[in-house]
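Below you'll find the structure I mean.
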Amino acid sequence: MAHAAVMQPPPKREVGADVYNEKLGMWVFLGSEVMFFTALIGSYIILRFGNPDAWTAPGAILNIPITAVNTFLLICSSMTMVKAFAAAQDGDQQRLKLYLVATVLIGATFVGVQAYEYTQLVHHGFVPSGYLVGGELAERAAAGELPASVGIYGSTFYTMTGFHGFHVTMGVLCMIFVTWKAFRGKYTATDHRGVEVIGLYWHFVDLVWIILFTIVYLI
Amino acid sequence: MATAAVPLDEATHAGSHEISFIRKYIFSTDHKIIGIQFMLMSLIFLLVGGILAAMIRWQLGFPNTSMPGGGILPETMAPGGILLPEFYNSLVTMHGTIMVFFAIMPLLVGVYGNYLIPLKLGAPDMAFPRLNMASFWVAVPAGILMMAGFFVEGGHAAAGWTVYAPLSADPEWTGVSTGQQLWLLSLAVLGLSSILGATNYITTVVNMRAPGMTWFRMPLSIWALFVTSILVLLAIPILSGAAIMLFFDQTIGTHFFDALDGGQPLLWQHLFWYFGHPEVYILILPAMGFVSDIIANASRKPIFGYHSMVYAIIAIGFLGWVVWGHHMFQSGMNPTLGTTFMISTLFIAVPSAIKTFNWMGTMWRGNIRFHVPMLHATAFVAMFVIGGLSGVFMASNTFDIYIHDTYFIVAHIHYVLFGGSLFAIFGAITFWYPKMFGRMMNPFWGKVHFVLTFIFFNLAFFPMHSLGVAGHMRRIYDPTQYEFLQPLQPVNTFISISVFLLVLSQLPFALNFILSWFNGAKAPDNPWDDNGLEWSVPSPPPHGNFKETPTVYRGAYEFSSPLVEEDFLPQNKKLDSDPEPAQAAGH
Amino acid sequence: MTEAAQHKRPNYMGIWVGLAALTLVELGVAFLPWSKQVIILLLVGLAVWKALMVALYFMHLRFEGNRMRIFAIAPLPLTVIIVIAVLTEYVW
Amino acid sequence: MSWILPPSASSFAERIDFIYYLILVITGIAFVVVEAGLIWFMIKYRARPGRKAQYTHGNAKAEVIWTAVPAVTVVVIGVLSGAVWKDVKGRNSVPPNAITYGVTAQQFEWHFAYAGPDAQLGTADDFSVRNQLHVPVNRPVELRMSSEDVIHSFFVNAFRVKQDIVPGMETVVWFEATETGDFQIACAELCGLGHYRMGATVTVHSQEDYGRWLDEQMTTTALR
């Protein structure tokens, strides 16, 4: 207790991990996120093995240039995030705020671009159930340019990228909260747990996208 | 910040403020209140699950006769009190679902994970009290969603608690659409609650142990809850992911489990059981932990082979991940894979044997006090062994050909889940009731409840083995349809009558539980002469738990130690021979 | 927090450039006229490399204690077990 | 209440039943040891005034024994069942001289397809019978099964055969009936509201009867 501590330091609590609670908690939570994406990505791998013909060559349906730009954006946001953390460590409030705002903005842009990508895909006739009946892609498939059915391709594509987008959205919301706290000067050089913890989440979501971009768009 | 301890001590002080009723009892962040909230919720669900079971048994024991009181059910469920087959399927599905996800799992993990972890580890609260509150208030809407399914058009989910696709994926096959979707949503939401809870428990166990509470001084109940939390953390998201995919198959036309368009029905089974088998260990490990604590306490002896008990828990937790295929031996899965899964499954008998015999070793040369918790704990060992041994029959892929999807499985389920988990829960409730509510439960009615439950449980479920051996399939609405099952009908009727008596036998428990809350004898701090830290604080403990962070000098099972006069030696009692634990580096 | 501050700060900008460059390489590899297997192998390798960079430097795993690292990688075997086991359905 | 398996009528049933009785004996012993031990300890070591429990933390030797014995036992169970499994359900376990039938399951009935006069399944002269499977005795029978809608499971109690039928897959199972007569086929996997009545019969004929039945069917099909 604080009073007793004046005379003698209190006995040490047993510490199992050499990190503070919030950080440990976030890592633990990320463990469950790994398993969640395992369910989605694992299913994708298995389904694709079982039915390789439902997939097209990279770029045939999906828009690679725009997602490549989006990938770059997310990498940038990870960089700004880690810069924000470095600024917090240095107690540099100005740069902390700057980088956090940048992260929020880039993250939101990522979600926006993804929304745009989705509308374009739907417009061309690619939906979670496969081709949209009567859509442009369905006609090309009828003409033999594309696989006859991409039902399972659409299912996995939208579910995986959609849930990733959902995670980014959640991350942006939390990041706005952290930014707000930063503007109120809550993070000091000695205690900036919030920044580090949200950073871990953010980088994790970036990491998932790195995997997704490769296996969904490029393979 | 120099050490992790600073914010904790701050939390201790928060307790001294006056807080409003709502903050104190409804949106409380106190782990003890949250534990009690989980308890009330899950006991209500236990009751619901029990009533559904009684309806199932009515139909099986007295097929196509009007169920007493069945007249109040709407035409779509039971016209004239006679259950419809589609309603029967919903009953079975919802019985399994509610019992597993909304009764036993929250009772074990939600209630005791919350209540015991901080208290037994000497922490003022969970690592993240607000997250803890969120975890309960996320579970409530999940429960509401689940119950809502009974009232929607088309009826509730009817594809079994295992919701095998494609039966569950397309309303065309069962006529159920909204019900199944609510079911999936509810489990996804409940999953979030469980994951938040598990995150909290793991962090608390790793980082918030009192000074001197080293890993190998932790009580086995905490070890079990810790390993269970890891299983929850890693298994539940698989279910959430799978449930979401199935939900999309139902709603937005994806094809994950639809064989006609590139999907794979077996993928559902793999995902479900990859979650599902760890899940069944989630349902037994905490029970094993509680039973270990209770048996050592009642026998007045240190737990036999503490270290091997810990390793056995870890081994079961680990092996639980590599056996899921034993539910799929006859599913058309690769037969070579089947043999691999058989071997890994059989090996779970080894850590289970260690646990069983170590419990017996604990009783050996003890001085056993048969208080009500101990009665339930002994019943746990006796019944879990039956369930575990019946598991060995089906672990043999060869013999599983014959008993897969028969009542042998149903007998197994109930011996491990009722005979195992639920007996342990009864034991845990009576053991920690004084701490939770500050009152003792009535021991006489406790014994009456125990004896009746034990007898009727066995009369109800033991004969199910013989039904299974005779080839009686599970999940069938009317067994008299098959000639080869007709001679077994008297057994079914016998089981049903035993079940009705079993359900009635729960009455003394329910009354005892409710009445003791108001009228029970005042509980002393340490009614069972136990060593755990929770018994060193008042019953019920104040907000913040410990006036001063306790220091731990030994493991939790130092009963009948020659060092002291009395036959127990609390973990935080300092003897002259005990060295002080290391000091913090100072602030 | 103190743990992270003790080590020398990695060159975040350098990592960022590396990640962007690897992404460009991936885009190039994906459209090479090589056999599908080789391309997949290369792409997966590159993705793992990038993921490792993020985990080790941005998420500071490189600088954490061993216990933390064990926590972080503990679930990974489980992600592989299910996929491998189910894939054997096609391989056998 | 009985622990005896019902009478069997297929070639591998005895081997499966042996596994059952083997496990029954092993688990029976374990059961008696545990339950008798529990009861004995409960009586012998019940609390009595003035007694103190023995203060001991365990016994490594005892623990090794009760770890090793079950470990060895389960290996034995595993090896013995694995051998039977390989012959009953393993890849390529269908005997070469088996007659092949097609089975189509749907909510809530069975269709059994028989090779027509050309003795080849999958040709135009096949004929199919609803809810009736006719097979000769003492001759391996191969069923190639598929489902029209959801998962069903082909189960014949007396033959100790059970195999799920998954839409989108062809699952194969075989058996060799050793006795003539009618046996019941049941669906063992929940498949909807009619699951409980998705039964059919398998009739095992003597070789001559089977030939006669087949001829009859072919002439009626030809007439149709």
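Every chain is named by a letter (A, B, C and D) in the order it is written, and numbering of its residues begins at 1.
What we mean here is this: contacts are C-beta pairs under 8 Å (C-beta built on N, C-alpha and C of every residue); 3 or more make two chains touch, one makes a residue touch a chain.
These numbers were taken from a predicted model, which means no experiment stands behind them.
By number of C-beta pairs in contact, A-B leads over the other of A-C and A-B. The centroid of the Cα atoms in chain A and the matching centroid in chain D are 48 Å apart.
Centre-to-centre separation of chain A and chain C, using mean CA positions: 15 Å. Separation between the centroids of chain A and chain B, computed from CA atoms only, is 34 Å.
Chain B and chain C, compared by their mean Cα positions, are separated by 37 Å. Annotation for chain A: residues touching 2 or more other chains are 16-17, 20, 24, 28, 31, 35, 38, 42, 46, 50, 191. Contact of a single residue of chain D with at least two other chains is seen at positions 91.
Taken residue by residue, chain B touches two or more other chains at 1, 234, 238, 263-264, 266-267, 270-271, 336, whereas all remaining positions touch fewer. The chain pairs satisfying the stated touch condition come to A-B, A-C, B-C, B-D.
Within the complex formed with chain B, the chain C residues making contact are 1-2, 75, 78, 81-82, 85-86, 88-89, 92.
Note for the complex: chain D touches chain B at residues 1-6, 15-16, 19-20, 23-24, 26-27, 30-31, 34-35, 37-38, 41-42, 45-48, 51-59, 62-63, 66-67, 69-71, 73-75, 77-78, 81-82, 84-86, 88-91, 107, 149-151, 153, 155, 157, 160-169, 171, 184, 186-197, 199.
Against chain A, in their complex, chain C makes its touches with residues 1, 3-5, 9, 12-13, 15-16, 19-20, 23, 26-27, 29-31, 39-40, 43-44, 46-47, 50-51, 54-55, 57-59, 64-65, 67-68, 71-72, 74-76, 78-79, 82-83, 86-87, 89-90.
On the side of chain A, the complex with chain B involves touching residues 1-2, 4-5, 8-17, 20-22, 24-25, 28-29, 31-33, 35-40, 42-43, 46-47, 50-51, 54, 127-130, 149, 151-156, 158-159, 163, 190-191.
For chain A in complex with chain C, the touching residues are 16-20, 23-24, 27-28, 30-31, 34-35, 38, 42, 45-46, 49-50, 58-59, 64, 68, 71-72, 75-76, 78-79, 81-83, 86, 89, 191-193, 196, 199-200, 203-204, 206-207, 210-211, 213-215, 218-219.
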